[in-house]
Each structure stands twice: as structure tokens, then as C-alpha cells.
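In what follows, a single structure is set out as C-alpha cells and then discussed.
Labels for the chains are A, B and C, by order of writing; each one numbers its residues from 1.
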């Protein structure tokens, strides 16, 4: 039991730089595998709807714009997204049509500002389901 | 002319405006050093180095809604913060600041004013107890009873420790005590035990860690201040800050030799010496954790009071040799 | 003269809402009445509406601090149901993250204990060092809380050599700081005066009231699921069960710091002996009708998940027994004859994770205050009637 056991340590801290990061004037880097918000590469999507099936928060919707020309519209509801990246994992194409970016400052004034949309035509690529040589990705847009 | 001078004295320096400015500066100093000791930043963005943060807090509290509980004693509840500020500001008038020293004493200085100062400094504790009592909420009542229980612990060692330099100087007048130690600076050293005891007791009077039991946040939600909000809470916090300035000014006068040298030099001495005492108070605050109320009483009567008596004995023995 | 004081549901000492009605006599506590249910979210019902894969994320969000323990406990059980054996590298990575979570949880707890005692400097220092662990976890899994590194059949991400080296370097820093905190926490006189002799729980009481985790281990009961019923990688990893004999809050602090040091050893062992190979195997979509009980040693104690399947792609029933629920009866005994000033410390010493433990036990009618216990079958009947009248929801439909 020593009186003032902490004293040398806290006096030393008077001369050290503070450990606080002065956000938002100084920003910290995020690591390369950080899970931000999901976004789509429209030219790779084959509309298999695996992402919709596996999303725990029902945050992805694919609507049919034109049945004959195979035009679809994907809406990602970022206000419902829980940033788990399960959609990225479930996507069967190579390279993956869905990807996570590094954005985390996604505050908005209204939830309708957080929906992202893409209109595209379905890509003519075979789904990559098992290990093996990847087929060449021929995307027609 | 004399009336104008008195008004200047009461309102500007060392009166209300000076106290407001200086006590918010001292609160900033305390918070910044506390944060740096904990490897954090402290107030940074309000004004340069965050100096205006306590003023910003005060103004913010003034603008908030002021709620008086239904069961509370309304007149007592409302009058207490004002009474507290009046008490501590009056205490400030007795310290030998401005350019008064022994050759031209201030009109407030008289023989025995150290006793009056210590008495007036007891009034804030009574104000805290009455504030808790008039709030009639359960948490305030426990806080109020703890305030009084702590008073039994630290008051006696504080009085004994502060009065021993007075005995050595042979006078009960603050200006004379300060002048005595200015002429014989080496005699500050035998008073070291008393200095340490009085700094610890001042920490208890100000209700800061390790003695912040009366308004322990994690146990009783706010203790004395649970039901206070808005302007009244702003005045209570200002009162605590002014009490810190007055308490450290008293210790600086009695132990560290006062504030000699005229208007400018005296003011500089005042700032430097009070900031030194406040630095020690912040160090104690960062170093320890809160102790229980029964442990406060046993600590003060087992360690602080005997040390203060020891200091008194040392003073009496030395006085025989000095005279 | 006795009077009743409510601590909570809103109180600065509690991080989450819970109601403790204390019966006091002066400053001494004579009795406690614990009321739960303020944080109930209906997660067990939600789990019946989501597929096996989606439920990993549901169970992960039962709690923030022990999120990986719930997700792993669930995933272990479902892998048993589906008869899927994850590869060795996947299991090692899964429990590497589990031990890192134990480190972060215990550092958090040390800070909270310091804050409840008024020792704010200690609080700031331990949380500053916890940032090192959070940064490692962000590097491995992509997020600081809710790591989501489990999947049915293994883990989702792999670690490379650079990440391994970074983790080993940070371990050195963490080990030095943890030893320093142990020394300080045990020798700072005001802190020790607050926690020694406070909240006593004798060994017989702890056994009778089924206390779990560090609360039981501080009363000299060497009970640890990792040793009693080894799961995953713990049969091969050498470590010791940390116990203390003082049976009070100081004992619980000592047990948690000892567990911290053991976790550092386990992490180093796992990193140095990481086997090669894939990190996950394919898991089927449906599970055969069966039931399984999965146990896991969370940072707070023993976590039990009961999962029942009926052949479809959604669970029939998921029941969660969090460790804090088992420690509540022990808290009542610990608080008796204590002081008011000790309430936050005693309650914080069981490391309460109240949101983990919110599974309704008794129903109280809001208007009349009547308490009743409702049968599970009765609840299901009422819920089924209500859902029949609700609009149809989107179901997961198979295209293949």
C-alpha cells in the first residue's frame, strides 16, 4: 500500500501529447478491410437475388423496369443496412458485383436521402458457384 | 471620493467582476491540468486554449429551464444560491490584496480578521446543507446529511493548521501574518506539515475527489444539487469556484507569504501563488478515488488532526527560540 | 426506520435500465427487489422469422460488448445441428477474436469499476489502452464492435502475415500496461479501501445461487466452461483458470486481471500455432429436426443457447440464457448489509450486461399491476392470432 502510487505516472503525462484525436478537425485512417456502406457495380449484376435473400435487414430491393429488355433497378436502403457485408459474401459473380466502400460519415437529415439506386440491364455472365478457373467476364450493358 | 473607491473595491477588484473573471480562469486551469494529467485534451475550442469554456457553461446554464420541485420550500430554495455567492464574495474582501500591506492597511483589515474569514468560509457548507434540506428529495437529503458529517471531519484540522502560522507570527491579523513571513521567508519551512494538512482539508471543504461524497455522481445522482437547474445551479457552480479562489488565497496568505509589492507586482504574486495551490488541489484530485463517508471521518481524526496538533507543537517550540 | 429507494431505471450508476428497489435503514441496505424487462426487444421471436444465416447477425446484436460470444455460441450450435465441421484454421481464428473480445471486455470493466469508485484517472488510462485492442479488431474484422466474423462453417476473413505481426507487437504493449494497472489497482490506498471487504459472497452461497463467471471464481470455485466442457480450440490450448479466495469486489478485480494475462498467453499461442488451410466450409441451407444446447464462456460467465430446428431453413426456437441473469440472485445476497456508497461498486462487480439478460420471466399488467406467469404455448397462441391478422411479409423464396 503506497501513498500516491500513481504520482510519477500522471506527472509524466503532463508533458506527453494527449491521446485524443481532435475529430472532426483531424481524421483517422480506416483499415483497408473496413465495412462501410454497400454499393453496386451494375455491369456485373446477374439479378440472381441472393443478396436480397441473405440480407438480415431487408435493405436491398430489385425492381423490374422493363421485362422484355431485361432492365432492372436495384435500390439499397442505407437507412436499414446494418453494414454486415453478408450481401457481398453471398454474391456469386467473379469479380463480385457488390462491394463495401469506406464511408462511415453517413449522417443525413432525412432517411429518404440515404437510398441509393442503379438502373441497369442484366449482365450475361454465368454465375461462379464452385472453385475452379474463373470464366472470362463478358458484360454487355 | 472614498465612496467611489469603496464601490470600485466591491464591484471591480477584488470584488465581483474580478472574482467572476478570475474564478472562471481558475476553473479552466483546473480542468485543463486535470485533463492533461489523464492524457486527454480538456477544453480546447471555446476561445484560445478553451479559456472561455467555464464562461460558456455558466451562460448555457443561465439559459436553461429553472424547475422548483413542488414539495420544496420555495423561498429558501431560491434565496440560497444568492446567499452563498454573497458569503464567499465577502470573504474575498478580507484578504490583503489590492496594494494594501502593513504600512497602508486596507479598511477591512483588523486584528482577528483571520477568525472572521474562517467563520465566513463555514457558511457555504451550511448553504449546501440547507439547499439539500429544502429540496426534499431523497437523494438531496442523503447528500445534505453527508455534507454535515464531513464538516465534523475536516473543520478542526483546518482551523488548527491555518492558525499555527498565526501563532508563530504572534498576531491574528492577515496583513501582519503575511508581512511576518515576507521578512523571514525561511520560517515557511517548519510550517510544511500544516501546509499539507490545510491543502487536504481545503480539498474536503471544496468537496472534490477524494472527498466529493456529498455530490457523488454515481451514487446519489447529484446529492445537494439534484433538484437545482438553470440559474440557481449556475450560481452554485460559480460559488464553488469563488470558494476555491478564496480558500487558496487564504492558504497563500498564511503559508506562502502574502502578496507584497504594490498594485502590479502584488497582483502577479496573487495569481502565481493561488495557481500553485490550485495545481496541488488538482493533483490530489487526479490521484485518488472517492472514499466512503465513514472512512473520511476515521481518516481525518486518525491522521489529519494529530498532524495538525503536531504542527502546533512545532510552532510553539520554535516560537520559544525565535523570540 | 425503513424506507424504499429506487435505484433506476434511470441512474448515473447504471449503464442500462434496470430497477433495483432498495429497502434502507439509514445508510445500510436491508433488502433488494430487482425488476427486469426495461430492455426487452423480442429477439427470440425475431430469430424465428429469419434464416439460419441471418440469425448470426441477430444474435450478435443481443449485446455490444459480448457480441462475439453470442454469435459464436449460436454458430457452434447450428454447426452441430447441420453436422458441419469447420476447418482448423477457421476455428483458431474464431477463438482468436473471442480472446481479443475478452481482453477488450475486461479492460472496459476495469475502467467502469474505477469510474464507479470515483477513480477517473484509472478509467481514462484503461480505456486509452483498450483503443489498441479495438484497432486490432477493426483491422481483422472491419468494425470495432459487432465483428461479424462468424459464418456457418467457419469464419469470413483470413489474416495475413502483416496483421499477425501487428497483433503480436500490440500484445507486448498491452501486457506491460496491464501489469502496471494490476500493481496500481492493488496498491492505491483510497481505491483498495473502497473495494476490499465489500460485497461478500461466500463459497456456499455462490454454489447454491448458481453464480457464474468471475463472480463465482472470486469465491474460490474453479468453474470455467473452457476447462469443464472444452469446445473449439480450448482442448489444445494451455491456460489456467483464475480464482481468488477473498470473495469480495477486490477478488473479482484480481480474477479479471488474471484472466487478462491468461488471454494474452492464449492469443500468442494461437497466433504462433495457426494451422494452414481454408477458413470455411460450405454449410447447407436446411437443418434436420433436432435440438442442441451450446455453452460458451463469455467474459461475464457461462452463456447458454438452446436451438431447436424442424427441418426448414428457419429455427423453431432459440432460447438465450445470458450469464448476467444467473448472477442476479447472487447480487441480492451481496447487497444485503452493505452501505449505499457501495451499491454501484457491488452491482458493477458482477459486470452487468443487462441487455443480454432481458428475456421475460413474469408478465406484469401495466394497468392493474397484477403479476402472472404465462405459459409459452399461451404466448405462441396469442402471437399466432395476432400475426394472422397482420399484413403478409416478404418470405425468402428459393429460385433453385
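One rule holds in what follows: a residue touches a chain if its C-beta (ideal position, glycine included) is under 8 Å from a C-beta of that chain, and two chains touch if they have at least 3 such contacts.
All of these numbers come straight from a predicted model, not from anything done at the bench.
Among the pairs A-C and A-B, the greater number of C-beta contacts is found at A-C. Put simply, the chain nearest the middle, going by average C-alpha positions, is C. Work out the mean CA point of chain B and of chain C, and you get 46 Å between them. Centres computed as Cα averages put chain A at a distance of 28 Å from chain C. Distance between chain centres (mean CA atoms), chain A to chain B: 56 Å. Looking at chain A, residues 6, 10, 19 sit in touch with two or more other chains.
For chain B, the set of residues touching two or more other chains reads 37-40, 286-287. Listed for chain C are residues 121, 128, 188, each touching two or more other chains.
Those residues of chain B that touch chain A in the shared complex are 33, 35-41, 44, 283, 286-287. Against chain B, the residues of chain C that register as touching in their complex are 3, 5, 11-13, 27, 114-122, 124-125, 128, 188, 190-191, 193-194, 339-344. Chain A meets chain C in the complex at residues 1-3, 5-6, 9-10, 19, 30-31, 33-35, 48-49, 53-56, 58, 82-86, 89, 100. Across the complex, chain B meets chain C through its residues 37-40, 138, 142, 209-210, 212-213, 216-221, 286-295. On the chain C side of its complex with chain A, the touching residues are 50-51, 53-55, 57-58, 61, 121, 128, 131, 138-139, 141-143, 146, 148, 151, 156-157, 180, 183-184, 187-189, 192, 394, 396-397, 399.
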